[in-house]
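There are structures below to look over.
Below are two complexes that have chain A in common, paired first with chain B and then with chain C.
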Partner chain A sequence: MTMTTTRAATIQRYGARLGTTGIVYCALVGVLVVGAILVSTAGRNFFSQGNIRDILTGMSVLGFVAIGEALVILCGSLDLSVPYVVSMSSLIAAEVMAGEPGNIGLAVLLALVFGAGVGLANGLIVTKLRVHGLIATLGVGLIIKGYLATQYKGTAGKVPWDFRLIGATGIGPVPISTLIMVATAVLVALFLRNTRTGNHMFAVGGNLAVSRLSGLRTSQPIVVAHVLCSTTAALAGLLLASRLGVGSPTVGSQGGYDLLAIAAVVLGGTLLVGGRGSIWGTLGGVAIFAVMDNVMSVIQLSPFLKDVVRGIVIVAAVAIYTGRAVEQRRARFATRKAGS
Partner chain B sequence: MIQRTPGHRFARIGLTLISPRGAVFLLLFVLLVAITVINPHFAEPGQAIRFVQRVAPVAIVAIGQYFVIVSGEFDMSMGSLVTAQVVIAGNLVGQDDSRSIPVLLFMFAFGAAIGLVNGLITTLLRVPSFIVTLGMMLALLGGVLFWTGGSATGNPADGFRQIGRGGITGVPVLGIIPWSVLILGAVLAAAIWFSRQPFGRTLISTGDNLTTARYAGVRVWWVKTSAFMISSLSATVAGVLLVGYAGVHPSVGRGYEFIAITAVVLGGVALGGGRGWVVAAAAGAFALEALFTLLNFAGVPSTLRDAVQGVILILAVAYSSATFKRPGRLPSPKISPSPEKLPHPATDAVSTAPQSSSLSR
Partner chain C sequence: MTSQVPILSAQGLSKRFFGVTVLDDVSLDLYPGSVHGLVGENGAGKSTLMKIMAGVYESDSGQVLLDGRAVRYTHPVQAMRDGVATVFQEFNLLPERSVAQNVFLGREPRRAGFVDNREMGRATAALLAELGIDFIDPASRVGTLCVAEQQIVEITKALSFDARVISMDEPTAALAGNEVELLYGIVRRLQKRNVAILYVSHRLEEVFDLCDTITVLKDGALVSTGPASELDTDELVRRMVGRSISTFYPARVAGTETGDIRLAVAGGGNAYVADVDLELRSGEIVGLAGLQGSGRTELAEALFGAVPLTAGTIAVDGAALSMNSPRRAVRAGIALVTEDRKAQGLALNQSVLDNALLVIRGVFPARTDEVRRKVPGVLSSLEVSSRGTGQEVQYLSGGNQQKLVLAKWLATEPRIVIFDEPTRGIDVGAKIAVYQLMRELALAGVAILMISSELPEVIGMSDRILVMHDGRITAELPAGSSEETVMLAATGHSPVTPTGDVPVEVARG
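What follows is the complex of A and B.
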């Protein structure tokens, strides 16, 4: 009797100390265990080097997009234009490179500038024209989509071998692309923690009115978040170009990166209304998706059932967090719309 | 109250037309005139009624989405649900007319169940509706495609398809009154009636300020769940119409959720809830479809439709947030709008703003 109560208390204490990010990684461990069991029933080794490599590769593209999306969501906005930025930047990269290794630097620069430009447009529409982030980025996404569909009939450009190595090589089982993605995550996490703009992102996302009354320039963090989000989306496009060897006008929308990234961010414990969340939680969410996808591919689940499982897992996982972690810790802010 | 002189009344109508709530009607009018200039046949009654028939499913979906958005939530699962219902109809009705009624009843029950699940997870488990309906969107489409093995086929009996395709023939001027136009009229009438009922008012006040609504004794979970059920049922109706109009195809409902959100937003309905008029949302659907028709007649390549839609969407919302300095209030003709001191209307989303007057029309 006493033992159980102390244990419950311990669990509660650890639960409180763990925070959402901790819960995300606990969930990841759970998914890994279930995945390993399922994969071994299919007669394969989950922890083989090849399989780990597959999972990490699967993480990298969604990871880039999700890091940027996490910043935007943290500010209380949304970005639905990422799939089209991904496609466009893959096309810019492949067309500028045109198979010449000498053009790589210029191509990467142009793709990133394009991403930053789209992000700037998004951010200015959200802050200056005061359009809801969902609508602004939906609109900008549609504009790029229209351009892509009009201008390109299929894949275009050619990526030189030197650049393709980024998508193809790795150190041991860890692909270079995943290392770049994790490095980006570290930079963004440091940015959030140590810079003024980074701190202001939390404030603006938490309560725009209060941050304004506290003397913050509220539009600056939102614009910066949008610029960074589209830039990381452009990075994802570059990575896809290096993997495919060509630029593709549909690679982004086929991947459904916008909605999956939002799901991964929320799965990682970031509030959809903004103001609270973390990059590391987001990476945990991305990892959960990557492991799930990998397991479902290995046990050869029908691709349609994959979507069913994904949908159920997204909702179930988020229900678990919102049920406890968020509410327990911030009773003071209970008046904020907890349900929406 | 102000004395109502005719001059006042005209001024008021004019103000309403340039206010976000009325601007959509002005936009629709301009678009329809532009179409008629390019293609005079469009104004003929027979053509016009065909246009309404084409808009009907979109408008019905937009009406459903209106109820969810005005209550402060999103429904992203509508497109998948439309597809699911179309596929269900295609597979279950078959060539047997006698099955039409039972399958129709089943479809409505299925739609209501989906809305119920969306609503209960959103309200009771407190998962953001964006995520709930996103999960539902993935699960529904995946489930339906798995059930049909990926290629949705099936050709429901003609009797069933007549709902979306046929109509009352031999009408003097129009030639034909399609059933879908009548259904749209009925849905719109029901929606207007609904939003004038205590239920509709409660829905808007819940979207405007959840906390005050709760203190006022609103059963928030039930109100929001009902909104989700209305939206799922409207997706079901749109599915029934599309079976006849577009046939059975796994991508028939693709993107309907975004089209519906676009239409609702064009109608001046505020995302985040608490403000908006259902008729304007339906007019938003008409304006959107009129825009596509205009681009079509003007010879703009269909691939650019998306780009134009994007531009219009941003401009429309930018216009409405520039005009709506205060929630739900028309700019008064007497007091010139002074530069705000505590501005950034984006803060209006924070529920400290004064009670919206959008309840009174």
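What follows is the complex of A and C.
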């Protein structure tokens, strides 16, 4: 009897070990195959240099936002202020640069400091005032939105050519912006794995009471996650400024980066309530969205159907993950079908 | 042993919650290399005592001495850093993190500022090896481990603090037989390392197997402390329960008749209970006794379809039913008064009226108007005191909330009512009202199953007593059985079958 239960446990363990990140990448391969077939029926080559570059470009902005959002969600919080941080940082960058290559350093620094500041505010509201992240960041986001709507009537500032190169050049089919995004992902993944703060993000998101009873300072990981989230959102804003050549007050909200990033994070297997997830799963989720969008554009699917497909994919993904959720209560007896 | 100095010494600890004394002037000494058993009924104060020593609660009076020095912990981590660790019944583990990450949570070893995952794994493996455990991989996710393995992780975590005192709260409550042996081995190893162990358990067999000293608590007060060798099971049980049953249980109403079988379960089982054969008859109050975690609530949830049975049959009034949802159960005339009224019984921020109509609106919407007219009458007959039916339920006292839960179910005119800890946390007046209601329901021919951890209540109210142990109904005892008999059965001893009381035979369908 001991043998069989051990065996069952082992099998169950390997089943769980294939893990959500594994499923995400299997799904990505599936999407790639289906996409390649669909694109070839439209008489185009899915794997052409141009198309690969389009997909990777599509990944980079959402990637930055999703990496940050993943950290916040891991901690059991949420960030809805990202689209406004994206817009604001694109404006700060473009206006400070004002077409002068000499101002690039200062402009980047200011945009990132702005992002970090917003994140700090979000984090402190969540931890000290104990306002749920959803509401805290909604409020902060609205404040920035209000400022953007009253102070800007349209695009502003001018990005010098040197900075525009980041958004325009690449190595082979791989854009520089994607490389920066992947490098950021590597750093954040290492941070999660190899720092106490990173480790404790999983802990506070998984179970706040256990974390407190283990002597953790439970606010610190949450504040750090919010700061990093808003900073990566500012990075996304910088990238958009380099691509557009100007700052725009609406570029973030038009992109719908808040909900899309949350969707990518969840699609990547991170639990919306926190405690479980990974940066690589998140990038997988971002890639799935980018490939789907690309395919749907190439085969000229109507915008309405695009959103229908996206919606179905998100809901289906979460339904699959929930089906794999661990039993809350420990079973005393192995369940067998009636009659055995 | 008397020559030794205690590592940890509790002196005259008292604790009150909301005016109720749960611990009254209790003293206890823990010696290195000694396993000290702490026993008592549910609610005797064992957990409170442990939690004070672990720094979860602060005592109202008395003190805790560590190496003769008074300590006052306000946070469990302070106690753990001093080498006083506790393995609680509910595990403090993160299921999504690895064994090593759990053991060193908050104290991850670092090299050059970064977490040294390799060192963390190595240190965890070394701690596990000290316990003689080679089958747990420090890298495996805790959520994939079985209960016994998770328990070992908890103990490993305690060891990682260089614990000199380890308290264990019901460490075997969730373990299977062969896993208990494993725990025994670990306890003995800890003992050899001169760790002082406080072992809280309901399983008296274990207490005698492991402990050299046994302390008995009852109703928050110390009954006795002494060498285990001077006690036997009967004497221990006598000390745990020995009290007279008070007379506040209303007698059976004249004219109540035990009638036909209302609910019959044959061979019932699921992940939490097994081999359940059960019959409830109209007009009969059946008590269901057992220790916490013995599967009583799980059985109630199975009968109510909340966590359906996966094996066996259920029949209501002779008709077989597949009881796979609470909705179906309610339609079949079953009501479940849940253990936790705030989380499972009431919508706290809704009105008294809305709560009274909760089940009716959900299951029998056509009867809503008819029942709404009756609600004030039902509430006043139960003596629910509220400021009108519009008041939010969260502002009612515990007793009134419980009466409202009863009103909610009475509105459905149930024929089978399952009460899960019906008088927990309510005042004496409300308790008596609940007892009287049960008697009246019985008179009206309702079949009643009452789960209770209060032995006097079980004995005082039941026409027949079932006892659960380890997910199974292990004994059926007649009305008026002694507390000792029930306790023995509940702690896993073969029931002393009284004359003329043979476990019920159930015909298999």
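Quick notes
FYI, the second predicted complex is superposed on the first by the 307 of 340 C-alpha atoms of A that agree within 3 Å, B and C clash if a C-alpha of one lies under 4 Å from a C-alpha of the other, contacts with A are read in each partner's own complex, and residues count from 1 in each chain.
As a working rule, a contact is a pair of C-beta atoms (placed from the backbone, for glycine too) under 8 Å apart; a residue touches a chain by one contact, two chains touch by 3 or more.
Because the structure is predicted, anything quoted here is derived from the model rather than measured.
By the touch criterion stated above, A:100 is placed in contact with neither chain B nor chain C. In the superposition on chain A, contact of A:141 is made with chain B only, not with chain C.
When the two structures are aligned on the shared chain, A:263 is found in touch with chain B, with no touch to chain C. Once the two complexes are laid over each other on the shared chain, residue contacts for A:130 go to chain B alone; chain C is not touched. In the superposition on chain A, A:162 contacts neither chain B nor chain C. When the shared chain is aligned, chain B comes close enough to touch A:310, but chain C does not. In the superposition on chain A, A:150 makes contact with chain B only, while chain C stays out of contact range. With both structures placed on the common chain, the touch criterion links A:207 to chain B and to chain C.
In the overlay built on the shared chain, the residue A:218 is in contact with chain B alone; chain C does not reach it.
More residues of chain A are touched by B (comparison of chain B with chain C). Overlap of the chain B and chain C contact sets on chain A: residues 207, 209, 213, 327, 335, 337-340.
Residue ranges of chain B in contact with chain A, taken from their complex: 72-73, 121-123, 125-132, 134-143, 145-146, 150, 210-211, 220, 224, 258, 261-262, 265, 271-273, 301, 303-311, 313-314, 317-318, 321-322, 342, 344-347, 349-352. Taken in their complex, chain A has these residues touching chain B: 125, 129-132, 134-136, 138-147, 149-150, 207-209, 212-213, 218, 259, 262-263, 266, 272-273, 302, 304-308, 310-312, 314-315, 318-319, 322-323, 327, 335, 337-340. Interface residues of chain C, counted against chain A in their complex, comprise 75-77, 80, 92-97, 101, 105-108, 110, 113-115, 117, 140-141, 143-144, 146-147, 174, 178, 269-274, 295, 309-312, 470-471. Residues 2, 5, 9, 12-13, 16-17, 193-196, 198-200, 202-203, 206-207, 209-211, 213-216, 275-276, 326-327, 329-340 of chain A touch chain C in their complex.
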